[in-house]
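Following this line, the structures themselves.
Note that chain A is present in both complexes that follow, paired respectively with chain B and with chain C.
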Partner chain A sequence: MAKYIVKRILTMIVMIFVISFVIFVALQNTGVDPVAQSLGVDNYSAETAAAIREKLGLNDPLIVQFFRWWGNIFKGDFGYSIANGYSIKDGVLAKWPATLEITLWALVISTIIGIGVGMLSAFWQNSIIDYLGRAIAVLGNSMPEYFFALVLIQIFSIKLGLLPSAGRIPVEGSRIPNLILPIAALAIPLCGNLMRYTRNTMLDVANQEYVKLARSKGIPEWKVYFKHIFRNSMRPVITILLFRLTILVGGSVAVETVFAWPGVGIVLTQAITASDYPVVMFYTLFMAVMMLSISFLIDLLGAVIDPRVRLEK
Partner chain B sequence: MEDKKIILDVKNLNTSFKSDGKLIKIVKDVSFQLEKGRSLAIVGESGCGKSVTVHSVTRLMAKNSVISSDHVIYRKFNEDGTAKEYRIDKMSNYGKEMRSLRGPEISMVFQDPMASLNPVYRVGDQIIEGLLEHNPGMKKDDAMKMAIELLKKLGIPAPEQRVKDYPHQLSGGMKQRIVIAIALICNPELIIADEPTTALDVTIQAQIMELLKKIQVELNKSIILITHNMGLVTEMADDVIVMYMGRIVEKGTLKDIFNAPSHPYTKMLLASVPVLGMAQGQKLTTIPGSTPNPADLTEGCEFADRCPYCTDECRKGRIPGYEVSEGHMVRCRKFAGNKEVD
Partner chain C sequence: MENNNKTNTIENARKYGTKLWKKKVRKFLNNKLAVFGLSVVLIYILLMVLAPVVTPWDPLEPNFKVKLAGPSAEHLLGCDSLGRDLFSRVLYGGRTSVLIAVISSLIGSAIGTVLGAIGGYFGGIFDKLLVRLQEIVSCFPQLILVLIVVAFIGTGTWNLIIIFALTGWTGCFRLVRSEFIARKEETYVKVCEAFGMSSVKIMFSQILPAVLTTVIVQLTMNIPGYVMQEAGLSFLGFGVPMTVPTWGTMLNAAKATNILINYPHCWLVPGAAICLFVLAVNFFGDGLRDVMDPRQQ
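So, the complex of A and B:
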C-alpha cells in the first residue's frame, strides 16, 4: 500500500512536469508579445521593449525560461499578469473565497440531494419521486448551467422579487440571499448526473445474488438497501462525485458571469480574452494538478470501499 | 396423515411474470407437502419453474411477479408436540412476519457461491448478520464465536482466520460452505438448497452434498433440494417431485420415481442419465424437441409436443393427477383409469 502510494505520487510529479512543459511551450507560441502587451501602444518603443526583454530574460532559450518558471513556482512566485501587472498569486487568492463560497455549497447540496434522491428513486422504482428525479436528471444533464441561472433570475428576481439577481455583497443586510441563486444554478446540473448514477447503479446491484441472500437472512429492507446495495454502488458514484471537485478551483465562468460574481472564473475569462498567458498558464497547471490528485484519491477510496481492489500492480 | 408432521404445505401455488403487459404463467397449480425431517428433491430441466416455486414459497421474488395460492403454510413444531401455523401466502414479501421466518425457520442456499456473498464485507460479518438480527442484544463477539464453531463443524480449516477473509480470498467450495453457514447459523428447520452444487467442481460437489445430507440426518432438518442432477437425487432425497414447464408431472417417494417412473417425461429424463457400467456402445437417449415458450402454452399437457404417446385427449383441458400407488401421483392421461388425486 505505502509502496503504491509513493510510486503513484512520483508518477504524478513526472506527469505534472510534462503537462506543464506542454502548457509552457504551447502558450509561448501563441504569437502574443507579452512585452508589447504590457507596455501598451502609447509607451511602446523598440528600445524599451528590447531592454525589458533582456531584463526579464525573455531572450534566453525556452528550456532555460521553463526551468526559471518552475524555480519561481517553488519559491511561491507564480508570476505576474501581463495585462494588469498584478501578482498572480495575490490576484487569484483574492478572488478565490468568492468562488469557494458558491462552489463548495453547490457541491455539498448537490451531493446530498443527488445521492439522496437517487437512493429514494432506486428504493421506490417507478414511483412519483423516481419520475421526478429522472426528469430533473435529464434536465440537469441536457441544459447548461447559465440556462438555469437565467431561469432562476427570471422567476425569483424579476417575477417574484424575492432574491437579488446579481452581486456578492449587498449594500445592506444579510449576504445569504445573494448566495442562493448562484448556488442553485450550479447545483441543479450537478444533482442530475449524480441522481442518475446513484439510481442506476443501485438498481443494478439490487439484482445481484448476494442481495437476495441478504434478504433471505430476514434483515429489514432498509438494511438491505444501506448495507448491501448502497455500499456496493458507491464506487462509480464516488468517481463522478470527485471529478466535480475541479469547479472548486476553476469556478464556473458562466454562473459567475451571469450573477456578476467576482470569482476566479471571471479572472480566467478576462485572462483568456486579454491573451494574459501567465495567468492562463497558472490556471491550466493548477487544474492539471487538481485532476491528477482527484484520480489518485478516487483510486485510494475505491480500495477502501471495495476490498477486491488491490492497489499494488 | 394426521400423525405426520407436515412442516411445509403448499396448495395450488401459481406464479406469473408480467412481461410486455402480458402475464406469463411460470408455476401452475403446484401442490406439495414436506414432512419434518425429510428431504424433497424438485427435479426438472432448466426453466421448468423449480427455482421459481421455492422462491415463491419464501417470497424472494422479483417485483414483476404475481404469486397466488390456496395456501402456503409453514408449521413450527414446539417441544410439547403442538405446532404453530404460519400462513406465508398471507404475509407481505419483506414484512416483519415473513422476515421473522427467514433465517431462524426457513433458510436458503443459492446456486452460485461466487455471486452469493457480498464482496465488500468479511465473511464472518456476513455469517453473523442474520444471527444478530434475530437475536437482539446478542454481542458481536459471542455471535462470532458461534460462527467460528459452526465453520469448524462444516469442515473449514482455521475458521478463526477465515471469518476475517473477504469472499474473493476464498475458493468456490469454501464460499459455498460459508453460504451454508449463513443458512445454518440461526438453526432453521427447513433448508432450501437451490442447485447448491451446480457451480462447483465435481469433487467439491460431493463434499457439499454429503455435508447437507449429514446436517439433515443428524439434526433432523427438512430439506428441499432443487436440482437437475439425477445422481444427487438418489443420494439425497426421500421424496421427489418432477416438474415440467411449471407443472408437477410426477410426485412420489424416491423409490416410486426411480423404480416405477410413470410419466413419459420422467422415464425419458431417467433414460438420459449415464449409468456407471453401461454396456459399451449403448447410447443415451435424448428427449426430442425443445422446451416450448411458456407464453405459447394454453391448455392440455405441456409435454404433448415431445411425447411419443400423445393423443388428442392430451391437448385438451386440464390434465388431472392420477394415483399410481399410494402417494405416487402422475399427471398423464395414460393413467386415466386410476383414481384422480389432483
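So, the complex of A and C:
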C-alpha cells in the first residue's frame, strides 16, 4: 500500500511538471509581448523594453526561465499581473473565498437533495416524486446555467422583487438574500444529474443476485434497503461527487458573470480579455494541481475500498 | 444443392437482418420521448434550412423603427436592440450554432475513436499516457478548460471548433478503448491475427464496425453539450464574433442590464431555442442508445 501511494505521488509530481511546462511553452508562443503590454503605448521605447527584459531575465534560455519560475513559486512568489500589476497571489487567491462561498454551498445542497430524492425515487419507482425528480433532471441537463440564472433573476428579482439580482455584499442588512439565487443557479443543474445517477445505480444494485438472496433469507426490507442496496450503490456516487470538487475552483464562471459575483471566475474572464497570461497560467496550474489531487484521492479511496486494485498495482 | 443451401443462408441472414431492423424501428417508435425528440430536431433542421422561405427578414438588417419591439404578427418573436427580427436570427443563428456543434462532435469523436482504438488494441505505455491525458481533460470543468484554451489560441468560429474537438474527445475515447480491450480477445480477432492480417486492418475493418453504433450514439449525445458551450462562450464574449448571429451571440447581445430587465424576450428567445434543441437531441439520443446498444437486445 505504501509503495502504491509513493508511486502515485511521484507520478503526480511528474505530471504537474509536464503540465506546467506545456503551459509555459504555450505562453511563450502566444505572440503577446508582456513587456510591451505592461509598459503601455505611451511609455514604450526600445531601450526601456530591452532594459526591463534584461532585468527580468527574459533573455535567458527558456529552460532557465522555466526553472526560475518554479523556484519563485516555491518561494511563494507567483508573479504579477501584466494588465493591472497586482500580485497574482493576492489577486487570485483573495477572490477564492467568494467563489468558494457559492460553490461549496451549491455542492452541499445539491448533494443532499440529489441523493435524497434519488433514493426516494428509486424506492417509490414511478411515483410522483420519481417523475418530478426526472423532470428536474431533464430540465437541469438541457438548460445552460447562465440562462437558468437569467430566468431566476427575472422571476425572483424583477417580477417578485424578493431577492437581489447582483453583487455579494449589500449596502445594509443580511448577506443571505444575495447568496440564494447564485447558489440555486449552480445547485439545481447539479442536483438533477445526481438524482438520476443515484436512482439508476440503486435500481441496478437492487436487481443484483445478492440482494435477491438477502430478501429470500428473510432479512427485513428496510435492512435490505440500507445495508445491501444503499451501501453498495454509494461507491460510484461518491466517485462522481469527488469529481465534482473541481467546481470549487472554477465551476461558476458563467454564474459569477451573471450575478456580478466577485470570484475567481471573473478574474479569469478579465485576464483572458486582457491577454493577462501570467494570471491565466497561474490559474491553470492551480486548477491542474487541484484536479490531480482529486484524481489521486479517488484512486486512493478506490484502493482502500477495493483490495483488487491494491494487489494489481 | 450446396449452392442452394448457401443462398438459403444468405436469404435467411437478410431476412433476419430486416427483421432486426424493423424490430429496432418499432422499438424506437414505441418510445414517445424519442419520437418527440426526433420530430423536434427535424422541425428545427427544416426551419433552419428553409429559413429564407420561412421568414422574409434579413438577420443582419437593422431597422430602428422596430427597436426592441415585442412579438407581433409581422415579427413573430419580436426584435432585438437594433431592430433585427429575432425569429430570423434564431433560424440563421441556429445554422451556425448547430453546424459548429455537429462539426466539433464529428472531429472530436473521430479523434477519440482513433486514439481509443490504438490505446485499447495495443495497450502499453502509450495507452497509459492516453488514459492519464483523458483523465486530466475530462476532469476539468468543461467551460474552464475551453476558456483556458481560448486564452492561448484565441477566439473565432474555426478556433472554437478546434478547441471543442481537442477538449471533447474523451467520452468516445473511453467507450472505444474499453470495447477494443474486450473485443481483441475474441475468437474472430484471434483468427484474423493468425491469418497474418495487419493490425491496422484488424482494428479498422474488423473491430471498428462492431463498435460504430456506440460511437454514433456518443456522437449524437455530444452535440447538445457543444451547443451549450458555444452559447456559454459567446455569452461570456469569447466565442464567435458578435457580427455572426448564433444563439450564443444573441444571448450576449441581450446582456445589457436595461434589456435584461425590461425586454426579456430578447434573451428568452435564444435561450428557449437552445433549451428546446438540447432537450430534443437528448431525448432522441437516449432513444437511439436504447435501440442501438446490443446489450439492450
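Here is the rule we go by: the second predicted complex is superposed on the first by the 303 of 313 C-alpha atoms of A that agree within 3 Å, B and C clash if a C-alpha of one lies under 4 Å from a C-alpha of the other, contacts with A are read in each partner's own complex, and residues count from 1 in each chain.
Quick note on the criterion: a residue touches a chain if its C-beta (ideal position, glycine included) is under 8 Å from a C-beta of that chain, and two chains touch if they have at least 3 such contacts.
Just so it is clear, the structure is predicted and the values come from calculations on it, not from any experiment.
A.B. asks: Look at where chain B and chain C land on chain A after superposing the complexes, then choose clash or fit.
C.D. replies: fit
A.B. asks: Which partner does A:Gly250 reach: the first (chain B), the second (chain C), both, or neither?
C.D. replies: Touch partner of A:Gly250: chain C, not chain B.
A.B. asks: Of the partners chain B and chain C, which touch A:Glu221 in the superposed model: first, second, both, neither?
C.D. replies: first
A.B. asks: Count the residues of chain A touched by chain B and by chain C, then name the partner with the higher count.
C.D. replies: C
A.B. asks: Looking at the overlay, what does A:Ile294 touch: chain B (first), chain C (second), both, or neither?
C.D. replies: The answer is second: A:Ile294 touches chain C but not chain B.
A.B. asks: Answer with first, second, both or neither: which of chain B and chain C does A:Phe147 touch in the superposed model?
C.D. replies: second
A.B. asks: Please indicate which partner A:Leu213 is in contact with in the superposed arrangement: first for chain B, second for chain C, both, or neither.
C.D. replies: After superposing on A, A:Leu213 lies in contact with chain B but is clear of chain C.
A.B. asks: How wide is the angle at chain A between chain B and chain C, using CA centres, rounded to the nearest 10°?
C.D. replies: Nearest-10 rounding gives 70 degrees.
A.B. asks: So, does A:Leu268 touch the first partner chain B, the second partner chain C, both, or neither?
C.D. replies: Second partner only.
A.B. asks: By the touch definition at the top of the document, which applies to A:Thr48: first (chain B), second (chain C), both, or neither?
C.D. replies: Neither partner.
A.B. asks: Kindly classify A:Ser127 by the partners it touches after superposition: chain B alone (first), chain C alone (second), both, or neither?
C.D. replies: neither
A.B. asks: Between chain B (first) and chain C (second), which, if any, makes contact with A:Arg231: first, second, both or neither?
C.D. replies: first
A.B. asks: Just the number, please: smallest Cα separation between chain B and chain C in the overlaid arrangement, in Å.
C.D. replies: For chain B and chain C in the superposition, the minimum C-alpha gap reads 10 Å.
A.B. asks: Taking the touch rule as given, give the residues of chain C at its contact with chain A in the complex, in rising order.
C.D. replies: 132, 135-136, 139-141, 143-144, 147-148, 150-152, 224, 228, 231-232, 235-238, 251, 260-261, 264, 267, 271, 274-275, 278-279, 282
A.B. asks: Would you mind writing out the residues of chain B in touch with chain A in their complex?
C.D. replies: The touching residues are 58, 60, 63, 94, 98-104, 107-108, 110-112, 115-121, 129-130, 133-134, 166, 168, 179, 182-183.
A.B. asks: If you look only at chain A, which of its residues touch chain C in the complex?
C.D. replies: By the definition above, chain A touches chain C via 15, 19, 26-27, 30, 138, 141-144, 146-147, 150-151, 153-154, 158, 243, 246-247, 249-251, 253-254, 257, 268-269, 271-273, 275, 277, 280, 283-284, 287-288, 291-292, 294-295.
A.B. asks: Quick one: which bits of chain A touch chain B in the complex? Just the residue numbers, please.
C.D. replies: 125, 208-210, 212-221, 223, 227-228, 231-232, 305-308
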